[in-house]
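Multiple structures are listed underneath, in structure tokens.
Each of the next two complexes has chain A plus one other chain: chain B in the first, chain C in the second.
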Partner chain A sequence: MKVDIQSLGTFNQLAHEGAEQATQSLAQMTGIDAVVDVTKITLLNRDDVGEELAGQDFVGVQFDFEGALDGDTVLVFESDSVGPITEALVPGGADGEMAQSSVEEIGNIMMSGFIDGWADYLGTTIEHSPPEYIEATGADVLPPAPTVADQPQVFVFKSQIEWVGESLNFYIYMLPEYDTLAELMTDHAEPGGDAIPIDKLSVFNEMTTSGTEQAAENVEMMTGIPTEAEVTQISFAPIEDVPKQVGDDTYVGTVVEFTGVPSGYLLVLFDEVSAQNVAEALMPTEPDGEGLTEQHKAAIEELGNIMTSGFVDGWANVLQTSVDHTPPQLVHDIGQAIVDPLAAQVGQHQEHSFIIESEMRTDEIEFSSEIHALPDEKELRQALAELEVDRADQTDADVEQIF
Partner chain B sequence: MPDVLIADDSEFMRNLLREILEEDHNIVGEVENGVEAVEVYKEQTPDLVMMDIVMPIRDGIEATDEIKTSNPDANVIMCTSVGQEEKMKEAVKAGADGYITKPFQKPSVMEAIEDVVPS
Partner chain C sequence: MKVYDGSQTEQESVGQPERKKVGIAEYAVTTDEAVLTTSGLGSCIGVALYDPDSNTAGLVHVMLPRHDDGEGARAKFADTGVEVLLEEMERAGARRRSMEAKIAGGSDMLDFSENGSSIGSRNAAIVRETLAANDVPILGEDVGGDYGRSLRLEAATGDLIVKSASQGTATL
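Now for the complex of A and B:
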């Protein structure tokens, strides 16, 4: 089964328009001014779905849908937003069953528009169940991702909706059954177009997981801090949405440009506390001063360099090619500001971008790190075309054999 | 003690290598790119060059090629974060005598040096 870039873009646009429709319904009913921040399609391991929701309480609604596309969809509000929403719907406020009922109803209206957009585009009907009220913490608020034998990864459509002027977010997740989505994607692929075999995209994602594990091992070896690779995923989004994915927190890290097949940009980012902690774990002596000193920056630069290599070497070895990268350039800025110029560069040749994202963390000290790769779309497609699935586990090179 | 030249654009890594090597080796220079590596090599002709690959201006493989062309008896160990098979083959072609991947610890560095420049 194959998926072409154009149909991925179309499906992403459908999800985005559906989320905008849902947001308009919310505004009409409650007066709440909200905007769709990001919509993306992500291929990731089933167990990692909803990882970004960790630690927060949510309420919302869930629907099953079936027809041309089968699966589940969910709209969730951060719990703190429920009061203002019910207050807008039921003057004087509501609690208990009435509050639940108002969430169900608003969810029903918002999500009907979301699902109808898909049905209209596909020229068919998609039936959905009545809304089911849900309430849970973190990823538990989401239904289990669909399972398919021998397919550990799933496609997830996710929209993040931001309440303007408030630090509250809503999320829409669509978790389609893999087979029906894959069939739809194949049906909508243009003959002779830019098709990518879906299985190769999954294999590439597994290679990336392996690269993240190598990067985490490198961190552990350099710092002595046990470090675990966490989420690894490959997403597809319009170029203009790419910087938003990284968000507006401040990061310290490195950027490199890599060349070869594929080429692109790779960022290794730490939040400021993590950067300081990991740099100090690397330093043989106490730092010269407070905060992020030149010593910290030098350590971060080298760590970024080694993590970058750990990440991309596996691609090169499996693809039997070389991927060169520039020396690391230290960055210290808001996430979006770091990514903006890179996305603009990549966007000169493409409207959408694949974004390869990984996270790693440790429990010993406050430390987490993200790796983001923005490959050139055509070259990633070429790399996938050349990818021999049987070689996918040959990510390591044997120095002893060569020297 | 063998004379060693360290070529790495990372100050952090140069410091680390110096600390590992200075007890048993004479560090004759520390440079940040391939052009400087070639220049200092020609001036000092050290017994060994510890050469990073990813460096600005000229990378370590090109610098190794130039050093080996000027002196086929030069000893160069690539000391790099790059763990790609094709890159290792390029390093062999350029004449590198050894290859250590970062992150490394002292024993693996000493072992690689012993293989290339036996004490």
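Now for the complex of A and C:
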């Protein structure tokens, strides 16, 4: 299967409009004011689907659908939203079966809007099953991702919907079967367009994983804290949705511009608690003063540099090219405001962007870090065109080279 | 079958203005004293328009300087974003000659110097130029610097409240 930029853009738009339709249905029924924050298409390992839901309780309404597109879709509510939803439908509130049927009813109406949106655009029919109510923790609320022989990675369409003023979120996940999706994408591809074979995108993901592993090893070596690389994924979204990926919390981290093929921007971000913890692990003495001191910031800058090098070297090895980067600039601000100027830079030349995201964590102290890369789209395509798929295993960056 | 006509779903408690969130490349206009918010402005700019005569307020969150340089919604660009907001304000009953503007954002947080002048300052220049061309005065601004901002436009008064992680809160 090949995907081109045009069809990725179209499918993203479809998922977004479907989510908008679903959100409007919700507003009409309940008066709940909600907005679709982000819609993106992500390619990731099937085992990692829904990783971002970890540790939270959810209720969901799941549907199978079949027709021009086959698969499963699920509307996921944070458990805390069940009360307000029920209250909106049944003044005075309700619990037990009544609450469940409220969620089912809302789910049914929202998802009919979502699926009809797709069918309308595709000029065909997509049938869906009656809703099935689910309660679960974390990724278990999602149906198992479809399996495909020789293809460990799957496409997931994901929309995040924010309930304005309630700080509650809803999510719509759509997990299409590979074959029907492949067929549809091929049908909507422009002949001779900017097609990328999916296996190369998968290889790119694998190489990002090894870059992240390298970055995690570097952190471990510097801090002595066992650090693990977690999810690695590549997403595709309109440029104006890119800053929203990070959200409104305050982050500390580093930004570099990388040059070569591809060029682009790379961010290493820590939440404030993680930044403080990991920086202190690097300091020979107790910090002078409270909170994030200049010592902390210097340590983060050093760490950001080491992580960036590890990550970028992972790419360069596979692409057999050199990818250089500027010295890191320290950032400490609202997450979205940090990403915004980078998205704007990239957005001067392209309407959509690939976003490469990976995460690392430790069990020992509260520490997690995210890496986000925004490559130039044309150059990424060029790099992938030149990539030989069997080079993926040559990603063992040599630690000695980095130091 | 249940029929929902909205009457049993009143969510707003009395005295609490409605809150509308404006995303990147989006705008909103209100005539009912809602609070319009937008968050995480880095090099992006939030342009707030207020017409005290008709009590109409609007907010747009623009990302890039000129529509000619790219594709996408009008609200994504500084020039067409200001224009679309002016048009929507008029459609909601505001008159251009009594409109006032307040702007915030357009910071230069990151310096990747080979790209010429920063997107933040170019965004600010185009916003000013477009407002001036439409004879809308700028009554307050908090532009530039090296930090991000979040905005809250109170349509009841036209106050634009600017919040940043490092500089605290200011009212324009």
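Basically, the second predicted complex is superposed on the first by the 395 of 403 C-alpha atoms of A that agree within 3 Å, B and C clash if a C-alpha of one lies under 4 Å from a C-alpha of the other, contacts with A are read in each partner's own complex, and residues count from 1 in each chain.
Operating definition for what follows: a residue touches a chain if its C-beta (ideal position, glycine included) is under 8 Å from a C-beta of that chain, and two chains touch if they have at least 3 such contacts.
Remember, it's a predicted structure, so these values are computed and weren't measured experimentally.
In the overlay built on the shared chain, the residue A:Ala299 is in contact with chain B alone; chain C does not reach it. Once the two complexes are laid over each other on the shared chain, residue contacts for A:Thr326 go to chain B and to chain C alike.
In the superposed model, A:Gly347 makes contact with chain C only, not with chain B. Within the superposed three-chain model, A:Asn317 lies in touch with chain B and out of touch with chain C [touch as defined at top]. In the superposition on chain A, A:Gly165 contacts chain C only, with no contact to chain B.
In the superposed pair of complexes, A:Thr362 makes contact with neither chain B nor chain C. Of the two partners chain B and chain C, more chain A residues are in touch with C. Contacts of A:Glu257 after superposition: chain C is touched, whereas chain B is not reached. Of the two partner chains placed by superposition, A:Ser102 touches none, neither chain B nor chain C.
Across the two superposed structures, the residue set of chain A contacted by chain B and also by chain C is 326. Of all the residues in chain A, the ones that touch chain B in their complex are 214, 218, 221-222, 282, 284, 295, 298-299, 301-302, 305-306, 308-310, 313, 316-317, 320-327, 396-399, 402-403. Touching chain C in their complex are the following residues of chain A: 28-33, 35, 37, 88-89, 91, 105, 162, 164-165, 238-241, 243-244, 247-248, 250, 255, 257, 326, 329, 331-345, 347-348, 351.
Against chain A, the residues of chain B that register as touching in their complex are 9-13, 15-16, 19, 54-56, 80-90, 92, 96-99, 101-103, 105.
Chain C makes touch with chain A in their complex at residues 2, 4, 6, 8-11, 18-21, 23-25, 39-44, 63-64, 69-73, 76, 107-112, 115, 118-120, 147-150, 164-166.
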